[in-house]
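Scroll down for the structure; my scribbles are underneath it.
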Amino acid sequence: MYKIKREDLPALFQKIAADQELYLPVSTAGQTNFGVWREEAEVDLDTLKTVKSPKDVFFPQSETLYTCYREGKKLSVEPETLKEQDFVVFGMKACDIKGVEVLDRVFLSDPIDTFYAARRDHGTIVALACHEPEETCFCKVFGVDAAHPAADVAAWMVEDTLYWKPETEKGQKLTEKLADFLEKAEDAGSETAVAEEEEKIRSIMEELPYSHLSLEGWNGDVLMEKFESPLWEELYKPCLACGTCTFVCPTCQCYDIKDYDTGQGVQRYRCWDSCMYSDFTMMAHGNNRTSQKERFRQRFMHKLVYFPANNDGMYSCVGCGRCVEKCPASLNIVKVVKAFQEKEGAKA
Amino acid sequence: MSIEAREEFKPKIVAFCCNWCSYAGADLAGSSRLSYSADVKIIRVPCSCRVNPMFILRAFERGADGVIICGCHPGDCHYTSGNYYARRRMTLLFSMLDFIGVENGRTRVEWVSAAEGVKFSQTMHEFVDKITSLGKNVRLEDLRCRKS
Amino acid sequence: MTDKKKQAELIREISGVNPLKCMKCGKCSATCPSYNEMDIKPHQFVSYVINEDIESLVKSRSLWKCLSCFACVQRCPRDVKPGKLIDAARQIVERQRGGDYLSPDEIPELLDPEIPQQLLVSAFRRYRR
Amino acid sequence: MQEIVNRAKELLADGTVKRVLGWKAGDLPYNPEPAYFEKEEDLEEFVYNGFCGANLSKYMIEASKMEGKTLVFLKPCDTYSFQQLMKEHRVDREKAYIIGVGCKGKLDIERIRRMGIKGIKSIAGANLEDEAETLTIVTLYGEKEVPYKDAMLERCHVCKGKDHMIFDEIIGESKETKDGDRFAEVERIEAMSPEEKFAFFQKELSKCIRCNACRNVCPACSCRKCVFDSNKFDSAQKANVDSFEEKMFHIIRAFHVAGRCTDCGECSRVCPQGIPLHLFNRKFIKDIDELYGEYQAGADLEERGPLTSYQLDDAEPGIVAERS
Amino acid sequence: MLRIGVFVCHCGSNIAATVDVKKVVEMALHEPGVVHAEDYQYMCSEAGQEKIRAAIQEKHLSGIVVCSCSPRMHENTFRNAAERAGLNPYMVEIANIREHCSWIHKDMEEATEKAVILMRAAVAKVNLNTPLQPGESRVTKRALVIGGGIAGIQTALDIADAGYPVDIVEKTPSIGGRMSQLDKTFPTLDCSACILTPKMVEANAHPNINIYTYSEVEKVSGFVGDFTVDIRKKARSVDMSKCTGCGVCQEKCPSKKTPSEFNRGLNNRSAIYTPFAQAIPNVPVIDREACIKFKTGKCGICSKVCQAGAIDYEQKDEIITEKYGAIVVATGFDMIKLDDYDEYAYSQSKDVITSLELERIMNAAGPTGGHLERLSDGKAPKEIVFIQCVGSRCADNRGKSYCSKICCMYTAKHAMLIRDKYPDVNVTVFYIDVRTPGKNFDEFYRRAVEEYGVNYIKGQVGKVIPQPDGKLLVQGADLLDNKQILKEADMVVLAAAIEPNPDVRKIATMLTASIDTNNFLTEAHAKLRPVESPTAGVFLSGVCQGPKDIPETVSQAGAAAVKAIGLLAKDKLLTNPCTAHSDELLCNGCSQCANVCPYGAITYEEKEVNDHGIREVRRIAVVNEALCQGCGACTVTCPSGAMDLKGFSNRQILAEVDAICR
């Protein structure tokens, strides 16, 4: 394990950023999101949850796939190159890392998404334990340990010291590179400090209102029963059909592929899509989900039923609680789970 | 910007002209041989009220450096009131563009009647000068449209 | 550019007048109080400028006979302002002599009782606009 | 609140209305959601407190298509939106039974979070009946006291007033909460240099994730299909791929609601990225007031909107350059 | 995608001298969709049109772009050519590479580059064109003539003779206009009244003509073939059906201090008056501003003396609403005000008069009974000076930039008449140029000089100085002798500029007819359509279109009548197919479009729609294509983009924008 004083972090960031991109929580006009480190950037390590999850480091909100150029009546195609440079993501939280695991399931299984794979290969994740978890957090439900994130490097901020523990080969490599900045911390004091912090975090997690949410009954076996439940009819009503939940979510992976006419040709790009949108999966014949109820159901069925059914029981929710915080109509996955629980509980 | 560079800058200017007054005014400028910069390209619309803010933003998106809308003088609209609506719409739109920091000289509305060939050519002169002095539109441009 | 042309250009520049606008109506000459004193008449100023013969204009008697009353400027229907043309010719002469602009502080010093009131009035008229 | 619930039960019971549109208590102290109640017993979950900021008038578009009357609770500012929607034939007055509810300013959980308050367990003082001027917030990390005013939504600081524009009956008193100048922020930006203005909006809009929450919550954005979802102008956009698109979306959205926007402030309330979107609308409102005479959308049913009317001597577009 | 043909016109050397037409052709072939491109000397010629026809048929073209002159010139020519070849005429687009390009640019490279871009924009647009079918609208077989001067009377007579009913609306109490104020007419010296009065009588008696005097047009709506006009008949206070025109009321009227409009204020008239003896209708009006009865409630003498009991103090303004198929504007002119020309002492001396005032003085029915005398002291003048171009040909903002056209001739007429009747009077004319184009016009002017000894001096007058003895000192220039002239005169006559009747602006606005900065109505084409306004169904007669003398006015009046008759003779008109239409799946039914539609062409209906499987009844905008004129105001008001305009659709315009910015 290593450590570094909080006040020395800017120097560390500068060192990392010297020859590669460094993504970390940056505050812009009052909101914190993951962004590229720059000298003048306002780094914010205190905000627990960035507005958007850091998934766009690996799966950007929009990325160009190829560009066509037009000259007279001739067209030429120029594909986009894959990510070739290494980069570091600093300050990801345990839930977000779990989110990346979910994305891996989607993009790294056959057929492999080469754009995503290239980014995963070149990225090193330095994760930060959640110092003060909030009432909207429920990662515990999905077996995430907020106290000890599973990343290339795990880190803890205890008072004014950052403890740094490389846990993979990638992490080791990065650590070596930063040897001049990181101080060895193999003393008992450091071990204790980290252990205490972990303990503290875990005990808070126990106390959180959502931490004991039960997901019993959410699996592929009950697909039709859940699908046909009359509850959806009530639950979806307040939904505004905006895409906030999907765009802040660390696991939502749906995208659309669109063309942009640049005047001299066409740029084909993909961008995040939202199952909440009326033109989601729109096809020539129309749309197979014509009502908001169906679209709303899709999102939760996917996260809690379809995904685990196809991925060895792994839910595609990680309990980060962003949707809980951001839904304009105060809807969220917890309310959905609870509503079913109540109804099914009443039935039993 | 150096003088040479300024001379090289050829602004792209889109002029929306209403069919009844301003397009005819431009025709008159032509038949009177009143020259103005070739950087101005005219699009014929039935009335200034046909000009949607989307058209103007689209022009900027595609790299236009200035957009001018010409219509009949207030009170002379072929459709009675079209230019009155256009006047309000454009005033508000221009004000919004100004508000978000787009140089306000990039947009202009001018009323040019079918008899005002001279005014048309003068207006285009002035507008081209203004846009040339403002230089390339960079604040309202979609970078994807830039020629590589 | 020839010298002649330059001089004519200079007159146009100083006066801000486009002599080509003249329609030869003669209202300037009709209205001029110094007409009879002049060798080159006000309506002719224009053609001298057009023909780039500033030399003659500068040497003319009219140059110093014009009172700068600006009646011609006021009445000219074509905005040609012959008075401004002759005034510009005078300025060319003044500049050649080295005189050019006065700073406002210098003016009071130059005002002595010998100066005819007319000159002052003329100056006011001239610089009114 | 009990009075509201009782009245709703009465109206359901006597068949005046088929359903009630109100707010349902959430599972956290601050997240009630808009909800329909069809049975009297369901109303046990009804809540009306400081966190019921959601403007229910837009839900009435859908409710107008349902069978029978819907009882809807509208705050004073919500009634402007409802009336504007009526003017545009988007809601059916006959299908609505409007109870105007009192309001003493609505709370902004984001503002509370920005004060560094996290791990919220309970919040006291947010109910309409509470006399306290402060909120007492119990958190995992200790108890905090916050003046009610400081936790209010921006829009409540520039409240349009305590009067309901349209209603069948009124329950509850409202409180004057206005303590700010509605156009102060707009004026501050207007006074900036073009470069500063551009930097300001570039920074704000760069946060936009195109979730469309602002549009979807907006009662004036009531299009069946938004131009940004259709190909009518080749304008369908799902992401802001270029900074142009951020501006395009917000300028056009503001333009489309200009003269129709009641300044209800829902756009800024729901923006997950905290972009002060209301500034666009207020800029238009300020211009309209200054150039064409004061106009409040939704204040009446008759007056023509400023963009669908004109005066012979309206200002010329050149005034924009003259003013700046 | 369409199969597009691009045709590039040389227009002789008009285009080809500045634009490399071959290059335009070559570049056109690179454009997507273009399968054919060629250039030709004159595309609008028979042979040029034949090329288009042949290409359409041989290459199976489905869209045409003609790079030529303005679409305002030949769009119809090429549309018709396309139609004859079996292509929908609306599949044709014009790239204006003459007026907007070759004529204004000198540099070949620059002009060619621009022509290519204009061609591209047209190709981009035509790619999105769809075949359009015009609808039909009916024609109301009735014409309205606004103005009852010689122009209006002649137009009305010609239309009426062709068998169509015509209404004349005249603002003053009588028809007759300016011509009725004139004494003699050039170049034949006919008595003006002698030739005008029979026409007035004829118009009054014509079964197809209905005259509304003392009336004004209040409101115009509708469009070609189907205008609806509100006419305000001002209260005359005299019952036209009862009045016998005996004139006793005017004689007895005690209020006789109002300046006579007809005599240009040179003398006074009574409060109840007919403007002149031959007035038609010969029914007086009460000037309520001047009438003692109206001002104080007492008097009522006219009512007492009227045998016919025609006086009606209670009469109210009446609004008559009538439908017309065609409208002719004949609002005429007035003299400019001379306030800004005080160097000529018009306001200082009664003996400085305008030419029109001289007409009244020379006229036997005028204030002096036809005697030439000074208005100041009644003495016969011995020296008269005429000053030309007062307020005409002015580049400053005091006067008018144009030549008033009639002054040279009427001044020659005046000079001649004075010298003829009063040989002892000396007449001097200060002129800038004498302009006498016209049949027998220059001969007329030469006679004034050669036979009548009128003294013409080339030069302008700078100043007229009234002398204490009542004489007028005229200071002028003689440019030919290079002399300044000081001349004492007894009378000075100013040839003041004429200007369109100031009311014409109001009328043009109502008609949506375009008007120029001098308030002359604009013609559809300066040469080829001189009597038509660009607004369909509106025609121009007389000086409202530009300065004219009587013969010209009368011939233009006839031409305007022919155009109106040509319109009225049709039973139906093809309407412009470029109308708005609403996409029912996108329409919100919000009524904003209906609020801005100037024609009331948008209504709403409850309609069941099938929106991708969702069936519901929605309130949807419906456009009445016969009423829609295609301005597009609704398309911008519509936030969802449901409203679009055929022929100028959103996507078409965007395609042009894109092509230009490419």
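Letters A, B, C, D and E mark the chains as written, and numbering starts fresh at 1 in each.
The working rule: a residue touches a chain if its C-beta (ideal position, glycine included) is under 8 Å from a C-beta of that chain, and two chains touch if they have at least 3 such contacts.
Everything numeric in this text was worked out from a predicted model, so none of it was measured.
*Asks:* Name, by label, each chain that touches both members of the pair chain C and chain D.
*Replies:* Touching chain C and chain D alike, sorted by label: E.
*Asks:* Of all the other chains, whose mean CA position lies farthest from chain A?
*Replies:* Relative to chain A, the chain whose C-alpha centre sits farthest away is C.
*Asks:* Quick check: more C-beta contact pairs at D-E or at A-B?
*Replies:* Pair with the higher count of C-beta contacts: D-E.
*Asks:* Between chain C and chain E, what distance separates the C-alpha centroids? Give it in angstrom.
*Replies:* Taking the average C-alpha coordinate of chain C and of chain E, the gap between them is 43 Å.
*Asks:* For chain A versus chain C, what separation do you get between their C-alpha means, in angstrom?
*Replies:* 81
*Asks:* Would you mind pulling out the distance in Å between where the CA atoms of chain B average out and where those of chain E do?
*Replies:* From the centre of chain B to the centre of chain E is 29 Å.
*Asks:* I'd like the Å distance between the centres of chain A and chain E, where a centre is the mean of that chain's Cα atoms.
*Replies:* 72
*Asks:* Could you pull out the residues of chain A that touch at least 2 other chains?
*Replies:* 260-261, 263-264
*Asks:* What are the residue numbers in chain E that touch two or more other chains?
*Replies:* As it turns out, chain E has residues touching two or more other chains at 596, 637, 650, 654, 658, 661-662.
*Asks:* Find every residue in chain B that makes contact with two or more other chains and list them.
*Replies:* 52-54, 58, 62-63, 75, 81, 85, 89, 142, 144-145
*Asks:* Name the touching chain pairs, please: which are they?
*Replies:* Touching chain pairs, listed by label, are A-B, A-D, A-E, B-D, B-E, C-E, D-E.
*Asks:* What does chain C use to touch chain E in their complex?
*Replies:* Residues 21, 23-32, 35-36, 41, 43, 71, 75-79.
*Asks:* Contact residues on chain E for chain D in the complex?
*Replies:* The contact residues of chain E facing chain D are 583, 585-592, 595-596, 604, 611, 616, 619, 637, 639-642, 644, 650-651, 654.
*Asks:* In the complex, go through chain E and note every residue touching chain B.
*Replies:* 70-72, 96, 98-101, 103-107, 110-111, 113-114, 117-118, 121, 505, 508-509, 512, 514-517, 520, 522, 534-535, 578, 596, 598, 629-633, 635-637, 645, 648, 650, 653-654, 656-658, 660-662
*Asks:* Okay, in this complex, where on chain A does chain E touch?
*Replies:* On the chain A side, the touching residues are 72-73, 261, 263-264, 286-287, 290-291.
*Asks:* Help me check something: in the complex, which residues belonging to chain E touch chain C?
*Replies:* Contacts found on chain E: 343, 389, 393-396, 398-399, 432, 458-463, 475-479, 482, 484-485.
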